[in-house]
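One chain, chain A, links the two complexes that follow: it is found with chain B in the first and with chain C in the second.
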Partner chain A sequence: MGLPAIPIVSDLGLDETAKALNTEQIATVVNRILDQETAARFKVYLNTCVHCGLCSDACHWFLSNDRDPRFSPVGKVKQTLWEIIRKKGHVSPEFMKDCSRIAHTECNVCRRCSMYCPFGIDIAYLLLVVRRICHELGMVPQFLQDTVNSHSVTMNQMWVKQDEWIDTLQWQEEEAKGEIKTSRIPLDKEGADVFYSVIAPEPKILAQLIGNIAQIMAVAKVDWTMPSLDGWDNSNMAMYSGDFEIMGRVERAHYESALKLKSRRIVMGECGHAFRGAAYDGPKWLGWREPPIPLIHAVDFYHELLTTGRIKIAKKFETPVTVQEPCNIVRGRGLGQKLREIISMVCEDFRLPEPGLEHNYCCGAGGGTINCGPPWKTSRVKGNRVKAEQLAATKAHIIITPCHNCHSGIEDIISGYKLGMHVKFFSEILMEVMEVPDELKC
Partner chain B sequence: MYQFVSGPLVWIAFAVFVGGMVYQFVTMLRLAQKDKVIYPYMSLKYSLRSLFHWIIPFASRNMRARYEVTIVTFIFHICLVLLPIFLLAHVAMFAFAWGAKWCVMSAGAANYMTLAVILACVFFLLRRVMLPEVQFVTYVSDYVLLAIAFAPFVTGFAANRQWFDYETTIIIHMICGSLMLIVIPFTRLSHMLFFPFTRAYMGSEFGAVRNARDW
Partner chain C sequence: MSPLFYPEKDSWDWDPSSREISNIDQWKLDFNEVQEFVVSPDGQKVAAVVQNEDETFTPCINGETWENSFEKAWSLKFSPDGRLFCLGMNDDEWTIIEDDRPWEDSFEYVWNLKFSQNGKGAGANIRTSDGYGVLLNGEVWENKFVQMRSVELSPDGVSAAGNIQIEALSEGDVAKFRQGLWNIAVDGKPWDSNFLNVWDCSFSSDGGIVAAEVRLVSGRQTIAVDGKAWKNDYRAVWKPIFIPGSRDVVAPGLTTEGWKLLLNGEPLWNKSYNQIWRQTIGPDGRKLAAVVSPEFGQWTIAIDGISWAKTFGDVVLDPVFSSDGKRTAAGVKESGKWTVAVDGTPWPEKFGMVWDPVFSPDGKHVLAKAWRDDSYMLVVDGKITGPAYENLFDFVFSDDGTKLLIKCVENGLCFRKVIFSKDLT
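Right, the complex of A and B next:
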C-alpha cells in the first residue's frame, strides 16, 4: 500500500533504551505482564474483535491523517499487540520503539473508540497494556518519563519543592487579597468542607489560577483548605507511562493528605487527566470501587456554586464562546451537561461544538501524549485536524476548556491551524463576570 | 457416508459447539475474577441499557453513520441464526431423531433468507478488500472465517436448487454446517458468545462508574 512514511522522531527515551534491549528480555517481560496482569478483559477483547474496522471513524488520529489505516484504533492494536502475541513476545527492540510511538504518542486513550465498536471493546485499555509493557522495558518517551521521575521523587509532576509550593501559595494569597479583602488560602486546616487540589503546572507556571480560586472561594464563602505537604498535586503522569506502582502511590498520597486533614470532600481544579487518575484509574488499581472520600471536579463544584446562588453573575460574558469538552470528565464522568449549563449561566453567546458531549473529539493532548514533549508535537498537531475544523466551524472567539491538558493541546491546535481563537479556563471567565459584594472589594 | 455425516458428525458438531461454548464461558467467568474490576463494576441496569442500544438497528451513533453495514449485518445475523433453526428440512431431521418439533418457515422465506446471507457475505468480502482500514487489519483467517460462515448457506442453496448431484451436495452441506458449529467457540466467531458480555461490561463501566452513555 502506498502509505506515506511515518516521520522518524528521535527521542532518547526510546532510542537509548532500544540499544540496551534484546529480544529475549522483551519476551520475558511481555509474557510476565500478559500472564500476571491481564485476564478476562484482555483475552475476551482480543478473541472477540472481528477485525471489522468499525471503530476507525471514532479516532481523530485516523480522521485527521486522511483515513490512514495505521492510525485507526484497531490498526494500532494490530501493529502492537497482535504482532506481540503472534510472536509470543519475541519482537525486536526496534519493534518495541514503534509500540511506544503508537501507544504513548499516537493514542490519547480517550476511549471514543469504545463507543463506536459494536462490541464495546476497550481499545484504550489494550493500548494501556502496551504502555505497561513499554514501561517495564524502560521504553518511555523521555519527557514523559521525566514527569514520572518527578512524581516518584517529589510526589508532584514538575519538581516543585515544598518551600516553593508554600511560597507560591502565600504569594497568590497576597495577590488575591489585593482584589478581594477576605481572600485566604488556609493551609492544613482540619475539618474543612473542601480540600482543594491542583496539578503541579499551577504553582509552577500558572500561579494566577490559584489566586483566582482564592478569590472565588472568598466570594462564595467556602470553608476550604490546601495541604502544605505532599499530596497537593492531583496530576498523575505515571498512569499514562504505564508505571502503575507510582500511579498508585501518587493517588494514595492525594487521598491520605485529604483524610489527614479530615476534609469532607476533595474538589479538584480544572484538569481532566488528574480527575481520571483520582476518580477511576487510580482507585481501580488500588482495588477501591469508590474513592475513600468524595471527589468532585471543578465543573461540578462551579455548578453547585452557581445553582445555589453562592456565586452570582453581575453581567454575562459577551464574546462568543465554545467549549472543549474534556474526554476524562465528559466521556469519563458524564459532566457534559453540567459543563454546558454553567457556560450558559455565565455566557451570552455559547456556540455548541458538533459532535458534542460524549462524542466530542479529544483535544489530542490527553493521555499523556502532550507530556511526550516537543519531539512529538508536530505529529500530535497533525493528528488532530478534525479538532481544528470542529472549533473553526463554531466561529466562536474563545474556547472554554476546563482541563489543563486540553488547554495546552487546544493552544497548539489554534497556532498550528491559525484559528485565531483563544483558550480560557472556566474560572477565568467566572472571575470576569461574578458579582463581588461591595464590602469585599478593596 | 451420508449415514455418518447426517448422524454422528452432526452430533459431534453439536457436542463440540455446546461443550466449547460452555468451556469458553466458564473460562471467561474464572478470568473475570482475576480482573479485579469486573464484578464490582457490573450493573444489570446499565448492561441492559447498553445492550438495548446495540441490538436495535440505528440506536447508536455509529450504526447510523455506517448505515450500510448496519442494514447488512442485521439482515445477515438474523437470517444466519434463524434459518438453520426453522428450516423445514432441519426441523424434520430433528423430529425424526428426537420426535421434537417446532414451527417451520415457508420455503419461499427460506429461499430469500439464504440469498440474503450469501449476498451479505459478498458484501463483507468486498468491504474487507476495498476499505483500507479493514484491509489493513485483515489476516488470512478473516477470509477463512468468512468462508466458513458462507459455506453452509451456498451449499444448502445449491442442494435445494439441485444444481449438482443432490446427495453429494447435501453431504458437503452437512460437513460445512458441522465445521461452522465446531469452529465457532474456538475462533473469533465466538463473538456470538462474547457479544452480550463485552457490551454489558462496557455499558456498566460507562453507566455505573463513569456516568456516561456508550452509544
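Right, the complex of A and C next:
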C-alpha cells in the first residue's frame, strides 16, 4: 500500500510564484546559494549522513503522521536538498513549491532531530538552506512573506505604526498605574539598567502583557526603559523565511536602539524564536560574536527577580499546571531548569511533561510555521498529535509557556484535540501571585 | 555625547564657579511623580515632567511648573539654543509645547520630536484625520500620507524629509507590496519614483539634496539621491551621509566580496570588510572614519581605509574626531566591559557603560562620561576625575578650550560647575 497523498494546499505565495519561474532561474539561484553562501559544515553534513533514519523518531511530524517517512527529518532533506543537488539545481517550479511546503511549513527547525542523529547533523540548518533558496526565488508562503514585509517596513512583525506603538505604551502605563501607583513605562530613558523589548503581538493584540510588565517592574523597582522608535520588536520572521538581509536590518535596529539609549542589558519578553534571532542568527549575520549588549530572556529575568527576593510570592497558584518548554530557549540555550524552578516557585501543583527539558517536543508552531497562516493550520495541528498526547497525560489544567509562538501553537492543539486546557504566559501567573506592598497599591 | 553645536555658547556664564541649580530630591516630595531629568545646554535649568495633585502632567523647571498642564506629556527636551519643548495632550489632541506655549495646531498624534543641527528648527511626525505628515517650526505639511515613519531635518532647520507610504496596503497583500509603495517626501513632496522599501535618509549640508537607503526588489538594495537610484546595487546597504559642501554620498554596501564603503556607488577604500558602518566625516569635511569588522567578531576604527592595529571583540561605537581631525576616539567594549579607545589604544580603566568621548578643543585630552558601581563619573585621559555623581549630563568646553562646563547631580542637588580645563589633569 502506498503512502497517502499529501493534501494539496493552495497558497498565493507559492502558486503565483511558481507560474513566473523557470528551471534556469532556479538553477542559477541554487548554484549561487550553494557556492557562495553555505558554510563548510553544509558539505560535511551532506556527506556524513548515512541515511540510517535514527533521526526519525525525534520528529513530532513523523510521529504524528503515523511514521510516514516523508515527514522524517532525513526524509525532508532527501525530498529537497538531495534532489536539488543531484540535479544541480535544474528542478521545476512545482518541485520548488514542494520544497517550500516541506521546509517552511512541515519543519519547525526545532533541532530535536540533531540530538538523535549519531553524528549530530544539524538537519534544521539544512532545511534553512532550502528556505534560503526558496526565499531567493520568491517562493515563500503568503502569510509568512507578509510578516517579513511588515518587518522590512516597520521593523516589527505586525505592521504596528510608530504612533500606535507609543500610544499603546502610554495607555498601558495608565492602566498599570490604576493597579500599582508607581507603575511607569519610561520612554527613551538613557542609561537604564534594563531595555525591555517585546514582540509585536503584544502592542497589537495582547497589550495587557505590557501593562503587566509595568506593574512587575514597579514592584521589583527595576530601572528600565522602552524605546519610542523602531527597534522595540525583538522578533524576526525574516530569519525563518530565508531573507537574511531583512533579518540583519531588523536585528540591527533592535540593538542600535538599546546602544543609543546606553542600556546596560536587554531583557526580552516571553518568546523563544525571538531569543534565537536576537542571540544567535542576527548577531552572527551582522558580525557580532555575542550580542553587543547582554540579552536576557524573560525566564532568566524572572528567575533573578524571584531568587533575589525583589518579587515575593503572596500565595502560590493552586490550579494544576504543566509547561511547554520552548525549543529555542530550552534546547537552544539550556534555560529549562530555570524555567522549571520559577514555575515551582509560583505554582503549588506543577506536573512535569514527559519527555521534558531539551527532549521536549516542539509546539509545532515555531520556526515561522505558524506564520505561514490559515492555509497550513490543518497540517500543522495534525503534525503534532504527540504534543497533544504529551500534554493530556499531565492532566494539568493550565499550560505555562514563556513563548508567543508556543502560546498560539498550543492553543491550536488544545482546540484541535479538544484537550480542555488553557495556555498562559509565566507573567500572567506571576501577576496573580505576586506580593504587592501596601504602599504601592491604589 | 558628541560635541553639539550650541549657538548661544558665547553668551553663557563661563566664570569658574559651582552653583546649585535646584534641589531635585525636594521635587520628589512636592509631586506625585517626577520623570526623567533633562538639563539646558548652558546648565542653568534642570527640568522634568512631573505629575500635579490633580493628576495632570507638566514640566517643572528649577522647581517651578509651567502654567499649562496636560493629561499626558512626554519627550521633554531642550533644543540646542536652550528652549524647552515637550509633547502634550489634552482632550485627545496632541501638540508641541515650546517654553510653556502650545503651538497653534493640534493633532491626533505627535512623536519623534527633533531639532536641526543649528538648533533653530524643531519638527516632529504627526497624524491627522487626513493622514500622516510633518510639523516643522509650527507649519504643517500640506500633503498627508498613508503612513510616515521618520523625520530628518536639514542642518539649517528649514526643510524636513521622511519615508512615506504612498498607497494603503491590506494585510496579506504580498502582490501589491511587491509593486513598491514607499518613497521619500521632502517638504511634503514625494520623489518621482517609489521603492519596495525606503529606510533612513540624510540631507546634504546645504539642505538641498536628500539621500536614502532603498530596496529595489528583494535582495537588491541601494542608495537613492533625490529619487534617483545609484546605478549599482547591493545585497544590503546602511544609512548614507553627504560629504559636506558637495553632492557626494558615502554609504556602506554589501557586495559579493563583503561590505565596502561606497562613494556615489563606487568602492571608496578598495577594501572589503566583514562589516562596515557608522561612517563619520572629519571636521575638515574630507577625512572619513568608520567602524569596521576586518574579521568576524573583531571590530575597530578605520580612517581613510587604514585601520587601528588593535581590534575589539564586542563593540566599537561611532568614531569621534579631534577638532584638527588628527586624532580619533570611540567607545569600545571587550569581554563585556566598556572603555574608550583613543587612536587605537584603549584606556586601562573599564566601566559598565561609557558615552561618546569628547576631545578638548586643542585635541590633547579626551573626556568621557562613564558609569560604574551605581554612579557616574567624568573620565579624563583614562583617569577618573572628580567625585562619583548621582547623575552626570553632557559637558561642554568653552570655545577657547580654557574652561569646561559640568552639569551634575550630587546628594539630590543639581549643580552647574565651570572649571578651568587645566585643572582637569
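In the analysis below, the second predicted complex is superposed on the first by the 441 of 442 C-alpha atoms of A that agree within 3 Å, B and C clash if a C-alpha of one lies under 4 Å from a C-alpha of the other, contacts with A are read in each partner's own complex, and residues count from 1 in each chain.
In this section, contacts are C-beta pairs under 8 Å (C-beta built on N, C-alpha and C of every residue); 3 or more make two chains touch, one makes a residue touch a chain.
The shown structure was predicted, so the numbers you read here are calculated from the model rather than taken from an experiment.
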Fit or clash between chain C and chain B when superposed on chain A: fit
Which superposed partner A:Asp146 touches (first chain B, second chain C, both, neither): second
Which superposed partner A:Trp61 touches (first chain B, second chain C, both, neither): neither
Centroid geometry (CA): angle chain B/chain A/chain C, rounded to a multiple of 10 degrees: 120
Contacts of A:Pro294 with chain B and chain C, given as first, second, both or neither: second
First, second, both or neither for A:Asp163, with chain B first and chain C second: second
Partner chain(s) touched by A:Asn47 [first = chain B, second = chain C, both, neither]: first
Chain B versus chain C as contact partner of A:Lys78, first or second or both or neither: first
Touching partner for A:Phe317 - first (chain B), second (chain C), both, neither: neither
Which of chain B and chain C A:Phe425 touches, first, second, both or neither: neither
CA minimum distance (chain B, chain C), superposed complexes, angstrom: 7
Contacts on chain A seen with chain B and repeated with chain C across the two complexes: 287, 289
Partner chain B, residues of chain A touching it in the complex: 1, 38-45, 47-54, 56-58, 62, 67-70, 72, 74-75, 78, 114-116, 118-122, 280, 284, 287, 289, 330-336, 358-359
Of all residues in chain C, those that touch chain A in their complex: 33, 35-36, 72, 74-75, 108-109, 111-112, 125, 127, 147, 149, 165, 171-175, 177, 182, 196-197, 199, 215, 218-219, 221, 235-236, 254, 256, 274-275, 293, 296-297, 299, 313-315, 317, 333, 336, 352-353, 355, 371
Chain A contact footprint on chain B (complex, rising order): 28, 31-38, 40-41, 50, 54, 60-63, 65-66, 69, 131-139, 142, 188, 190-191, 194-195, 197-199, 201-203, 205-206, 209-215
Interface residues, chain A side, partner chain C - complex: 12-13, 16, 36, 135-136, 138, 142-143, 145-146, 149, 152-154, 159, 161-163, 166-167, 170, 184, 186-191, 228-230, 243, 245, 248-249, 259, 262, 264, 286-290, 292, 294, 373
